[in-house]
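Chain IDs A, B, C and D follow the sequence of writing; residue 1 opens each chain.
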Amino acid sequence: MAVVAPLTVKDYKSSVKPTWCPGCGDFGVLAATYKALAQMQLSLHETVFVSGIGCSSRFPYFMSTYGLHGLHGRSLPLAQGVKLAHPELTVFAVGGDGDMFSIGAGHLPHACARNVDITTICMDNSIYGLTKGQTSPTSLRGQKTKSTPYGAILEPMNPVMLALTYGASFVARAYSAKPQQLTQIIVEAVKHKGFAFVEVLSPCVEFNNTFNQLDAVVDIMDENHDPTDIERAMHLALTEAKTNLGIFYKVERPSYEQEFATLAPEKSEFNLDTFLNKYE
Amino acid sequence: MAVVAPLTVKDYKSSVKPTWCPGCGDFGVLAATYKALAQMQLSLHETVFVSGIGCSSRFPYFMSTYGLHGLHGRSLPLAQGVKLAHPELTVFAVGGDGDMFSIGAGHLPHACARNVDITTICMDNSIYGLTKGQTSPTSLRGQKTKSTPYGAILEPMNPVMLALTYGASFVARAYSAKPQQLTQIIVEAVKHKGFAFVEVLSPCVEFNNTFNQLDAVVDIMDENHDPTDIERAMHLALTEAKTNLGIFYKVERPSYEQEFATLAPEKSEFNLDTFLNKYE
Amino acid sequence: MSQGEIVMRIAGESGEGVISAGDIFTLAAAHLGHNVLTFRTYPAEIKGGHNWYQVRVGPKQVLSMGEKLDVLVAFNAEGYQKHLNEMREGGVIIYDPDLVTPEPNGFTSYPIPLTKIARTELDYVRGKNLVVLGALSGLFGLEPGSLESVVRTRLGRRAELLEKNLNALQAGYDYVRENVEKVDPYELGESADSGKRLVMSGNDALVAGALYAGCRMYAGYPITPASDIMEALAKELPKLGGAFLQAEDEIGAIAAVIGSSYTGVKSMTATSGPGFSLMQELLGLASMAEIPCVIVDAQRAGPSTGMPTKMEQSDLAFAINGGHGDTPRIVIAPGTVADTFYQTVNAFNLSEKYQMPVILLTDQSLAHRTETMSRPDLSRAPVVDRLKPTPEELETYARFAAGENGVSPMAVPGMEDGMYVAPGLEHDEYAHPKYDPETHVKMTEKRFRKLAAAAEEPIDIPRYGAEDAEIGIIGWGSSEGAIQEAVELATAEGYKVASIHPRLVNPLQPQVGEFIESVRTVIVPEVNYRGQFANHLAATFGFKPVRFTKYQGLPFSAGEIYRKVQEVANGSSSTANG
Amino acid sequence: MSQGEIVMRIAGESGEGVISAGDIFTLAAAHLGHNVLTFRTYPAEIKGGHNWYQVRVGPKQVLSMGEKLDVLVAFNAEGYQKHLNEMREGGVIIYDPDLVTPEPNGFTSYPIPLTKIARTELDYVRGKNLVVLGALSGLFGLEPGSLESVVRTRLGRRAELLEKNLNALQAGYDYVRENVEKVDPYELGESADSGKRLVMSGNDALVAGALYAGCRMYAGYPITPASDIMEALAKELPKLGGAFLQAEDEIGAIAAVIGSSYTGVKSMTATSGPGFSLMQELLGLASMAEIPCVIVDAQRAGPSTGMPTKMEQSDLAFAINGGHGDTPRIVIAPGTVADTFYQTVNAFNLSEKYQMPVILLTDQSLAHRTETMSRPDLSRAPVVDRLKPTPEELETYARFAAGENGVSPMAVPGMEDGMYVAPGLEHDEYAHPKYDPETHVKMTEKRFRKLAAAAEEPIDIPRYGAEDAEIGIIGWGSSEGAIQEAVELATAEGYKVASIHPRLVNPLQPQVGEFIESVRTVIVPEVNYRGQFANHLAATFGFKPVRFTKYQGLPFSAGEIYRKVQEVANGSSSTANG
């Protein structure tokens, strides 16, 4: 085999031009992802991006890896199918806040609990972008959207807290406008063996432009935080004063696919004749 | 109107005989519910029991109130529909661990967050009873079931911790074999204005008889626990040494239906002519 | 082209104001008493992408979006290129000469330096679309005052912008008056009608119909092209003391609707194909437990996510046959915007009367096209409520004791002595679960007796064309106007053709069978691949319809249907699969 | 009753060992070389409720569960009362005289004090069912050694119980030998067949077929009557290096199946109506993105939760027409247990070959009935894999570039240069989203070209009866045996009747149309209310079938179909809706 030149950011870009609005937070996430992948030299044909439906879920089209642009809310079970069938692949699940916490809310707890080795990137803009501006589970109380003309009456959900409670073995939060940290977190998430959940604050400039508010409040996490301390991680997640960025939690435990492989230590080919004997 | 005699336990019993296996934990939950309702003198025709599908979800048939025996996993959105349409009704959502944490997993976070004033009773037997013994989200690691012939590979989910994270405003755990506490918790849950989540340990004698194990470990909670302290409640929920019983958390905050009613302070009848004027 | 009528298309990049120019033109024309009908496309993306808007305006009721273009307004080169082949001979093209260099094409061309005027003269690039509006006003006799008043209401919120917009309007008007020599014959004549007319979209009419019918609870989940139904109700229901829920998904939405209706409140959800797919299991519960509910499916092109911004009539087979088991469902499809009001009322009425889910099938084109219409004739829209048990019936209340047409009186919580458990399981009259053969036979027949009774409801079936037709057309849904126009065309040309347009598409009314018997050949035009309505008709009446399907994500034009009639009349179309 | 054949029903309270007695009897008979076919009901509840088991055993292949009962074993009074009216003249009733006091009824009665023997003599109340087995052995010539060996394998895990069980068996045998004077003619003759036969249920055969076809990933969610497919695969797949997931719900299950198959692994899920309803949206994704997958729907009586333990063939219309948009789906329905093996292999083959979802429709009766069968003839079961791109094709890989039959080579992750994004959106050859009319037309046609090609697949359509039939029967699914038997009966009586039993129920093969053309009248027997297959046939071929529907939650008997043939032959059945 010929010596292969290292892959550069350009190699991870597909020929499809992103169709997001100029200034959309998702551009930052895409750029950081290109960088993270190049940094790790992930092989294009052994990497799969799986998504749901939403502006953010267009992501796979902009990657030159394999991709599966699924259905609204279904990125996680689709991605788990990919990974369980072929554990040697590097699998990403990407999508929006509506995708993962509203219609997909039933899949997230189970994906986390199973600890399937997938990197999940949720581009949280606290709004439904693609359908042009309805309230999402992370919309703020009082936020006026097309479907809450009098202002939202619910408190926003807390993605990091959810992932911690669900038992995700890697939980982090990043911000589209802090590209270096974001890149590094993606790298860590991919390296992590097990389910990695990354919330990326990624404003929707069209329907909920929060760049200014976020710039004012986001704060990089205390460097001394021990990411194996679940109660401390939860405490940080519950703390409202600032929106911490960084890795909240990170522990190693066997993934579903690893555990599953050990159930029957000896593998064999299927033999119909033997199989049928028990029905004689 | 004639003076009405107080309702007794008998009045809450329907003519349908429970079809559960003799000894099933759900009998205890039913008995406690009869008692709690009698204690509160809840009116039969203004009370609705909504359920999903499962052994436990047969519950409404055994009550002489109104009932809605829904679909697997859908008790909570059905019950919310009932309550939002008619906030003066007393509404219960009842069902099993599979119903609420597996197929219904996507509805629970939202029902809690909305704080719709519903009393939810989850009869947790850590198994799928009605379908004869497959693993459930609360099955123990290593538990052999029909669908985990080699033993379950997942850690069980923690219902109380989930409800706390989701923002339920009342969270408690009881045990079918401790009927007095169970009755009292149901009474408190109904009195609570907002979403009340009660996990009841209710063993399946047929497929996962845990009465003995539970008798050995369950423990009534520290009397000094302050049920408004969320982090302390979470700490208790995460503590594995003993299975605490009692009220973990209880705070008052406005329910969805209360908040919604205030959005447009003045109500009026619909007038088609006025409505159409804007299209002239 | 009929006298005084114009088919105009405005095309450009999304973000250039194509839609708002179209909307303002349409409203202004309507205010002047003209009749209008519009069609709009959306680009696939939130921003950017090619976009066009079509309006047909004229003195008579406008039946379809029209076929050939009388006027094309091209904001950019793509807008010019893409639509040229749809121009009518003698048509007019308005374009920006700095962006478009037309080849010789035989059409009347009016170059207007839109961008230059907006940028240089007005210092207001985003005002391009108002310059166009001014120009159109000057060219085709649309009274400028009317445009101005629409601009004031629509764009008047920010005073500094309003002034800029009005200036742009004036600049466009002045430019054509001074620089363009009108050589085309198009002129919007005197307004035909002075009575006040409404300009509504299908979704607007649907919301009005639902509220009028008594809908006081809505639960839904956003999806194009149904979201604006939800958005309108989010605003209205709080004022009416109703209930509203943006649910976590469509399953939660339909569940909440069923829970609400179980308590007696008329309840609705609206979605499109993907969400409708998710609702199937709960619709079965509503069938079994006999709980009324109205489900709007604003169809878009499938399968799967498909083409979310394009129209298609391809959910029909699913609407009729969806859900496991033998599940009776009423399916209603409105034909026009005005009809959407009436059919929404019918949907609630039948749902309440027969205590079962009613699916209201619209589509992207109907949901978002606007039409001029009169205020609804309320004598044609009685409001029906569900049957309640009498005090005697409550004495030994049997929830599922059926009258002749299968309908049983329904108690609701709060009603003393009406307590019962609404079941997803098979059950006896008292709603107790029961699985013996006799019970299942009896209750299945009860459920389908209701469906059979619904087929006898006096729901109008419009009929167009000759009494003694040989060729029959049976259409459904949003193609009504195009078919009606085609029948008028064909009749004028001497063809013996007639069409009916049932709005109740399941169950089928007996008149549909009679119509089929009365003609030699039946053409079934529909915007889907399989010929789904043709299949339904064939399965019901056992005959061979001529399937006429289109599957481009676009509605039929009258001409397409007219040509199919010609083809069939001349024997060049096989009956098996036309 | 044919020579040496017995139709036996065992009835009692759930928990009394009705099912296990039936199973042991069946296995013992099969081991002796008899042919068997069973039918079992389940009570609605986990414990308690009335329960019965039917086995038909005889020297020839058993085609259906039989109609009249030769032998009824009543464990209790209910078991006696409920089934009396199904006895054949001259039949035998075995009952416990301490629980049942029969009225004079003209049948041969053998009172056996089951409870007394079990309790007093054996001090083992739960041994009642083994006492019965011993008695049956003594009465009908079923060699006791064979029963004993089955008891040893089935109940031998706990040694102390085994002994008790064997004693009970002996006690029953001894009791009838000593106390009962046999006066009936029933005797299981010499075993017909000495070759080793399999005794399998439909679900067993399905699991074998799936693994043989190469299924290496299963994701599912428990539901009756499909759960045991999942349970078997949970055991087998770890040993084969495959993957398995009990998902959080059926949506998660089918999503995981699609994700897995996207990587090239043959994948399956199995469910029943309620779960199938939930899968509709994702099936549309598999259609659009052209991802193979096999979905088993083990039908039960609907709608909604319906009667979860009863059979029905009422998901057919939904299987064919389900999902929003124009969604092509292949639907296959096996006719017998043995056929379930072959059709499962076919399901995988067609799914892989045509890259689309294949729905395998079984039902509660087929899933759980057991039949004797030979080992599969593997020459009838080739295994097909999906088309992969060649190195040349990968050079400028276009995922959706279609060959003649619409099929495109499919790359999978791990394949260099095959990278593409599987889309739920409409797309061009390169899988890029595209919404223009031409693309949608082209791709819709591509998807349906695959469906049309599947109709030409050489899948056997069994045909029974006369060559020159005037009355045709077209059946589907688990009623194959009953129809075959009815045709044999009718032919013997001189009726000119024939039946075909397509297993490919969508798309329909051309032979089906030819058969319809060849006969005067077509009867379509099916266990649902609407006549769903009849509708599908009528929609496809444009004719008026005679609908013959049953909707009691029970399968057809041969006699019912035979009588319908008589009725139609004698002109007493209308063609419109028989």
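Everything below uses one rule, namely that contacts are C-beta pairs under 8 Å (C-beta built on N, C-alpha and C of every residue); 3 or more make two chains touch, one makes a residue touch a chain.
Here the structure is a predicted model, which means the values were calculated and not measured.
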Exercise. Return the chain whose centre of C-alpha atoms lies at maximal distance from the corresponding centre of chain A.
Key: D
Quiz prompt | Winner on C-beta contact pairs when A-C is weighed against A-D | solution = A-D
Self-check item: Interchain centroid distance [CA atoms averaged], chain A/chain B, Å
Solution: 31
Self-check item: Between chain C and chain A, distance of the C-alpha-averaged centres to the nearest whole Å
Solution: 38
Practice problem: For chain B and chain C, let me know how many angstrom lie between their CA-based centres, rounded off. | Solution: 42
Quiz item: Going by the touch rule set out above, which residues of chain A reach two or more other chains?
Solution: 53, 71, 102-103, 105-107, 109-110, 137, 150, 260, 263-264
Quiz item: Which residues belonging to chain C are in contact with no fewer than two other chains?
Solution: 44, 238, 248-249, 274, 281, 285, 289, 304-305, 423-425, 433
Quiz prompt | Contacting residues of chain B [partner chain A, same complex] | solution = 101-107, 109-110, 113-114, 137, 150, 153-155, 157-158, 161-162, 165, 167, 230-231, 234-235, 238, 256, 259-260, 263-264
Quiz item: Which residues of chain D touch chain A in the complex?
Solution: 196-200, 204, 208, 211-212, 216-217, 219, 236, 238-241, 243-245, 247-249, 251-253, 255-265, 267, 281-282, 285, 289, 375-376, 378, 413-425, 432-433
Quiz item: Residues of chain C touching chain D in their complex?
Solution: 44, 272-274, 276-278, 280-281, 284-285, 287-289, 297, 299, 301-310, 312, 314-315, 317-318, 320-327, 423-426, 433, 435, 437-438, 440-441, 444-445, 447-448, 528-530, 532, 534-536, 538-540, 542-545, 551-554, 576
Practice problem: Could you please specify the touching residues of chain B with respect to chain D in the complex? | Solution: 19-22, 53, 55, 71-73, 102-103, 105, 128-132, 134-135, 137, 146-150, 206
Quiz item: Which positions of chain B touch chain C when the two form their complex?
Solution: 16, 44-50, 53, 60-61, 63-71, 74, 77-86, 88-89, 106-107, 109-110, 257, 260-261, 263-264, 266-270, 272-273, 275-276, 279-280
